[in-house]
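Each of the two complexes below includes chain A, the first together with chain B, the second together with chain C.
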Partner chain A sequence: MSATVLSASGGEPTDAVRADPASKRDLWIVFWIFPIFFSLFGVIFVLLARVIPPPRPDVTTDQKVQWFAAHATTIQIGFAAVCVVFGGAAIANGYVAYQMKRMSSGSTFAYAYMGSMAVGTLPGLLLVALCFLAATFRPREPRITALLYDLGMLSFNGSLGCFATGYLAFAIAILYDKNQIFPKWLAYVSIWQIVTEVIATQMWVSSAGPYSWNGSIAFWLAVIVFGFWLNCQGIFLKFATDRQPAGTRPVD
Partner chain B sequence: MQILAEAEELPKTTNIKTQLVALWTSAVSALILLIAFIAFPGFWPPMSPRLTADEVASFYRDHTTWIRFSMVTFNLCGIMLLPFFCVVVVQMKRMASQSQAFAYCYLSAVVSGATLFALSDVFFAAAAFRPGRDADLVLLLNDLGWIVFIAPVGMILAQNLMLALAVYLDKGPNPVFPQWVGHLSLLTLFAMLPSACAAVMTSGPLAWDGALSFWLRNGAFATFTVVMFFVVRGAIHRQAVVEGVAR
Partner chain C sequence: MTNTEPTAIASGPPASISSGRQSGVHLPGDGHMWFMVLGDLVIFGAYFIVYIVQRSMAPAAYLQAQQHLNITIGVLNTLVLVTSSWFVAQSVQATAAGQHERAIRLLYGGGACGLLFIAIKACEWSMKITQGYTTSNEFFMFYYMLTGVHVLHVALGVLILGIVVRELRNPRRQRLSVVEQGATYWHMVDLLWLVIFGLLYVVR
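Right after this comes the complex of A and B.
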């Protein structure tokens, strides 16, 4: 628009286009959705939906049916809530991609991050909710309920490539960046995230033990690395927001 | 909109023209989707979640052709609404007094939300593919189709929240959208929110065939999309005038 004036901001080199007035209110609003969404995510998936810690893969059909019966109410409350709030994932990932666009390394991997995370939301977050909601919706033949149990857990813990691609995009963008939007060591943590996704491939062939979907290596090691990485990403997203000069936007 | 003759060959005119093409592609698709919506026997009235497996299976056997027609049409044309929402992104990026963060978050939500619409018709159509399948399995596909179609509203809520905030904070002298678009966006958000309960309720207004989860939710989304068509067309026109492409 006519109000957009082309001038160097004097701050970071990529923030070439100035916008008026110099308010950062919009940045802070989207930033705060990141911690709010992931806190809700934690509460819902751990306390209500009971998929973290994961239910066991090595149980009989009847035990799976009993597990759903025992937790039906909290699963329904938790996953109905997920249907309302899971858009927060898109906002959180969209804002990370936005900050990545401010890097000197350009928009390529920002778009790759946004795209792979947007794809990953369906198999990696929502499909387990849909399967478990269908399982608790009405009594079914036990073998059908057991199918929904496996389908939900495997898609939730076994959707590897979408996130591995996102972590790779995040790591490469940081390593090439000269604007120091995120610290270099966070790129190496992201690479460890990819390693955990590769190790987690074993849950597709292992139905018990450390490499199964509730195993100490395929699940718990990955969750610890993920938790550390996510907290760091959130903290440095705040610092990046702090440092972005008011009234600037990334170049197209 | 009348593109000025002298602007016809300018590079910046192509950006206006592609936005108009995207707008009309989605408008035509929306009309086709409306026909498919009317043609789906399961919507008139919306199928009750309390139907038994045998009732659902015989419903798919009796209406196979119309279910296939409407769900294949949903499949083919549903995602053709995406260009329209991308025009909204382009217009949000023009908002002078902000940093474009809302626009990228909106785009991210649009893409994730579209995948759900692409998924629900697959369940309905798969149930109609072999209507002779065991009744419990047809019931399962029907449940999944309905739950995916109605309940996961979170991405649309995120989209409309981003749009509303962007409109409210677009305080420049030439706002891209009028302020009431923010109110409409929030109103649509609150009208669609309760339908998340459709994944749990089997009767009443919040069940997937209920007044709130089916009629209010789908009516609100349709109304919002139609109104936004005219709003976005107006915004493209104002952009064309500002850039000297149209008058």
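Right after this comes the complex of A and C.
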């Protein structure tokens, strides 16, 4: 990572960085945690732990036990890595809040965003990881393993309300902001993000069809909007860092 | 009356978003709001396609469930929302003519229709839930999802109209573009309802 940081802070052709590279080095170090953490998040949750899409709910207890047995190694590698890099979520979301504090809308929405995202990551990231790690490292009776399977899925999916609150704070802050830290249209993308995530919670009650774990509406549309939103947020976080004058800090 | 509905949309084709004012074409509102409108239409378009595909796989079950919707309530809501669009479109013209007091009164009319729409929708939902039609039925799952997301848009639209009224009340902030932004959003809400009404209530 040090090479990335050096190239980002030392050789970028932006006026702000050229003005005083050293004064923005801390910002670039923290900024790069955002794409690195979310890249790891994608690899772990999609490829290793197989939580995106969520494990299907309409299976028997024996099938749930077999599912854990079949994916035990990748779940252990992926979620053990989550336990190591979990703090990256706090830093990535905290840095968004830092840039939000530069908005004319003030610090209030920044703290609302940071708090909501921090609460959301506990059921959405940590609890599902602990459920699946417990099921694979400490296999017990099949019915307990099945409970961990369901608890992990419901916890991961049920955390969306916390995140939706954070997105709302983000959207309102952008719409109020006159400093144009983030573009206004990103606030509207955040509103789509809220709507699609709230609809995604229908996975709790629907086990097949468009509103289920792999449904076109509850899963695919929500994931596409989330991916688009997250990439836009990351790109404009970089632009915001680029444009922040060297040596300046937001008011506390 | 439906002729009033696409007023803002017709005058701002999607192709003009990037070129906008440079090409000499007047883009009502601003590019950010058009991004919202076109993106929202894409997302709702995806919902509509999924609904049509799911319906085509079980037409009898959907038709049977559809019988329980009251088309009179649907027509009433359509009239209320189209009327609101007429108020809002008139408000844009009043603002352009410098008649800000009249524009504000028209926006109140549009917002009141929006609130009436929400009230009628709440009554309809309440009746359906009391009659036992819940999300366990796939047609009603779509009904609650599509109308729910739409009514959320209506509520957001009422809020936006309120912000436009606040801007118009301040003599230094009476900008036509702000009224056009609100109208652009509001006409989208109306357009979406016309499609939802057609798909859920009318198409058999």
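Keep this in mind: the second predicted complex is superposed on the first by the 230 of 252 C-alpha atoms of A that agree within 3 Å, B and C clash if a C-alpha of one lies under 4 Å from a C-alpha of the other, contacts with A are read in each partner's own complex, and residues count from 1 in each chain.
Convention: a contact is a pair of C-beta atoms (placed from the backbone, for glycine too) under 8 Å apart; a residue touches a chain by one contact, two chains touch by 3 or more.
The structure presented is a predicted model; accordingly, all values stated were derived computationally and were not measured.
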item	value
Joint occupancy of chain A by chain B and chain C, clash or fit	fit
Partner chain in contact with A:Thr248 - chain B first, chain C second, else both or neither	first
First, second, both or neither for A:Asn93, with chain B first and chain C second	first
A:Ile217 touches, of chain B and chain C: first, second, both or neither?	second
A:Trp185 touches, of chain B and chain C: first, second, both or neither?	second
Least Cα gap, in Å, left between chain B and chain C after the two complexes are fitted on chain A	29
List of chain A residues in touch with chain B within their complex	1-4, 19-21, 23-27, 29-30, 33, 76, 79-91, 93-95, 97-98, 101, 114-115, 117-119, 121-122, 126, 129-130, 133-134, 136-138, 140-141, 144, 244, 247-250, 252
List of chain B residues in touch with chain A within their complex	49, 93-102, 104-109, 111-113, 115-116, 119, 136-137, 139-140, 143-144, 147-148, 151-159, 161-162, 165-166, 169, 171-174, 176, 193, 196-197, 199-200, 202, 239, 242
Partner chain C, residues of chain A touching it in the complex	183-185, 188-189, 191-192, 195-196, 199, 202, 205-206, 209-211, 216-217, 221, 225
Residue ranges of chain C in contact with chain A within the complex	30-33, 35-36, 39-40, 43, 46-47, 50, 54, 135, 138, 141, 145, 149, 152, 156
